[in-house]
């Protein structure tokens, strides 16, 4: 297990989850006593089998769902609902089909009451950053799945939140696009210096992009393990995928999770 | 809707409205809103009378005959339109037009051509019901999965066999739905027809009650009609549910 | 050759020609002394256009129609939206409007006449009772079926309740609301004609009943054909308005979300 560090993170925690449980109406227990910390400026993945409650946990952090027990603190303040310091990227994009790309990306700012000229300027910057320059006036139905997801990402970036919450953002696109997104995400993290919390069910994806991987067990979910892949990301992105450290980490996690599938 | 922890059914709100009506009626606030209890009393009173029974018989048989004609003409027509591009392109604009046109404007024409009797009522019913029946039958046929058609041909089915054993059943949910909607429209049609042709059937009763300002009787008649329409609708919904089990798995 | 035979425009022209031809033939036979030929009817139509009776009558008929439709749309959409947003309102109003939609409301016309006389009020109210149920129910359903992920997205980006309604729920509901408007207008036309035939003859209804009573069948038929064509064009105009308001880009969004009229 030389390739993983399982020590306490040394950077301060931006998001603290304490004893969070969630029981749905009808008695379905999704989460059971989750206690976690998410270090500032790092990307932490929530990984686990399907239906294990990782999206539930993400939405609790986002303030979209209230926990049955426990608390979440973001930047020292308790979470009671959605807030300006957190931005969400949806799995099914959640774009407004009647609005063009510019309006969709600027939507978070529009809701804050930012003047039109100002918010379009900010939105333009992020539209360009995600590679959709020239598509400002297009509508969602004219875009591919990958492009729509980039709009969702640009929208979340435009509000300049400290914490970015991403719910399986790359699961609805094809494999090639997905790989490209993962590579782009690494560059983004490097540039933006925000705290990222990333939900995925793909082990390779988690290990590829994350500074820390939190493994959640099957429902009712508990924290099963925390792994910090010791992978150098300075190199060529393709090289990472053949790095022995990367492959070993993936294999170890898979072995750990395998018995849930059987 | 929930009050505290109790689930209150939707129909309960009708009880609230019934109480409101009763209070309004008792207070004499408006001449045209008699107390609900009086209306119910009248219903019990007039239903068994021979004049009511006679009116019911006349209007009822015109209604059923009209619907039968609408189904017998409408369903095959819709099927033909669903299968033949030529027929479809020629007839669809007319069907669509008559579907949303104010058909009540055509009733005077029917009256002028066929007189003020039962024939007119039957034709009014046909006029109101047929368009949605055609449209839904067409939709049902158009929605038949091509692989079912191929299957029929690959097993050597004759056109009649394919039609009666496969297509009719595959399109049945939509056809039934069209018939049900056609029936609702037919009720509206028969009422409109009866309001304009006030010599026979319920029309004569409407005329009688309104000319003598017998508000309670008028409302009683209306209630009977509304209940009839509702019961009819429910019967057809039940029928539709019987074929629903395969409706969603057809594609 | 086959392609040419089934060309839509050709067939449309052909079918109109056939109907006109059949009409002309039936009139000449004649199938009834009360059945004029197409030529006679058309000539009567032109005559009424020329001497201004048609224009005057249309204007008179339009008054209760326009007033009634305007009231129905404003109140109908408002009530339907309120019912969509508030469970109590829905509980109170739903059964009433559902019954109203399938009940033969035309039967209430004599009662309206008793209560409000034979003037404009009764006619406006007739249009209202015919048009409102379908508008209310469509608005209710449209609002209730707003895609959950869009609402969640709005909450995640901190939209207030009011902004959620105006910026997300209502735009998402607009295709179905417009479908309801078209159905409501069709019902409104039925209402105004019935009102004119049953309450007191004015406008187009007057032309129909007067000419019927003096056996001037060509004019009677011409008026009927005119009002039918007029109502169809009116409803087309609403569809055109919808397209104009929401633009080509949203065309697909609108087309996907409509339902078959009941």
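A few notes on this one:
The chains carry the letters A, B and C, assigned in the order they are written, with residues numbered from 1 in each.
By definition in this document, contacts are C-beta pairs under 8 Å (C-beta built on N, C-alpha and C of every residue); 3 or more make two chains touch, one makes a residue touch a chain.
In this text the structure is predicted, and so the values were computed from the model without any measurement.
By number of C-beta pairs in contact, chains B-C lead all other pairings. With centres computed from CA atoms alone, C is the chain lying nearest the middle of all the protein shown. Centroid distances from chain A, each centroid being the mean of CA atoms, peak for B. One simple way to say how far apart two chains are is to compare their mean CA positions; for chain A and chain C this gives 49 Å. Measuring from the averaged C-alpha position of chain B to that of chain C gives a distance of 19 Å. In whole angstrom, the spacing between the mean C-alpha positions of chain A and chain B is 54. Residue ranges on chain B touching chain C, taken from their complex, read 1-2, 8, 10-14, 16-17, 30-32, 85-86, 89-91, 93-94, 97, 99-109, 112-113, 135-136, 139, 181, 184, 187-188, 190-192, 195-196, 206, 210, 213, 215, 218-219, 222, 225-226, 229-230, 233. Of all residues in chain C, only 149-150, 152-159, 163, 167-168, 171-172, 174, 246, 249-250, 252-253 touch chain A in the complex they form. Across the complex, chain C is touched by residues 62-64, 82-84, 87-88, 90, 92, 94, 96-100, 107-108, 110-112, 139, 141-142, 155, 159 of chain A. Of all residues in chain C, those touching chain B in their complex are 5-6, 8, 11-12, 14-15, 18-19, 31-32, 34-35, 87-88, 90-96, 99, 102-111, 114-115, 182-183, 186, 189-190, 193-194, 197-198, 208-209, 212, 217, 220-221, 224, 227-228, 231-232, 235, 260-262.
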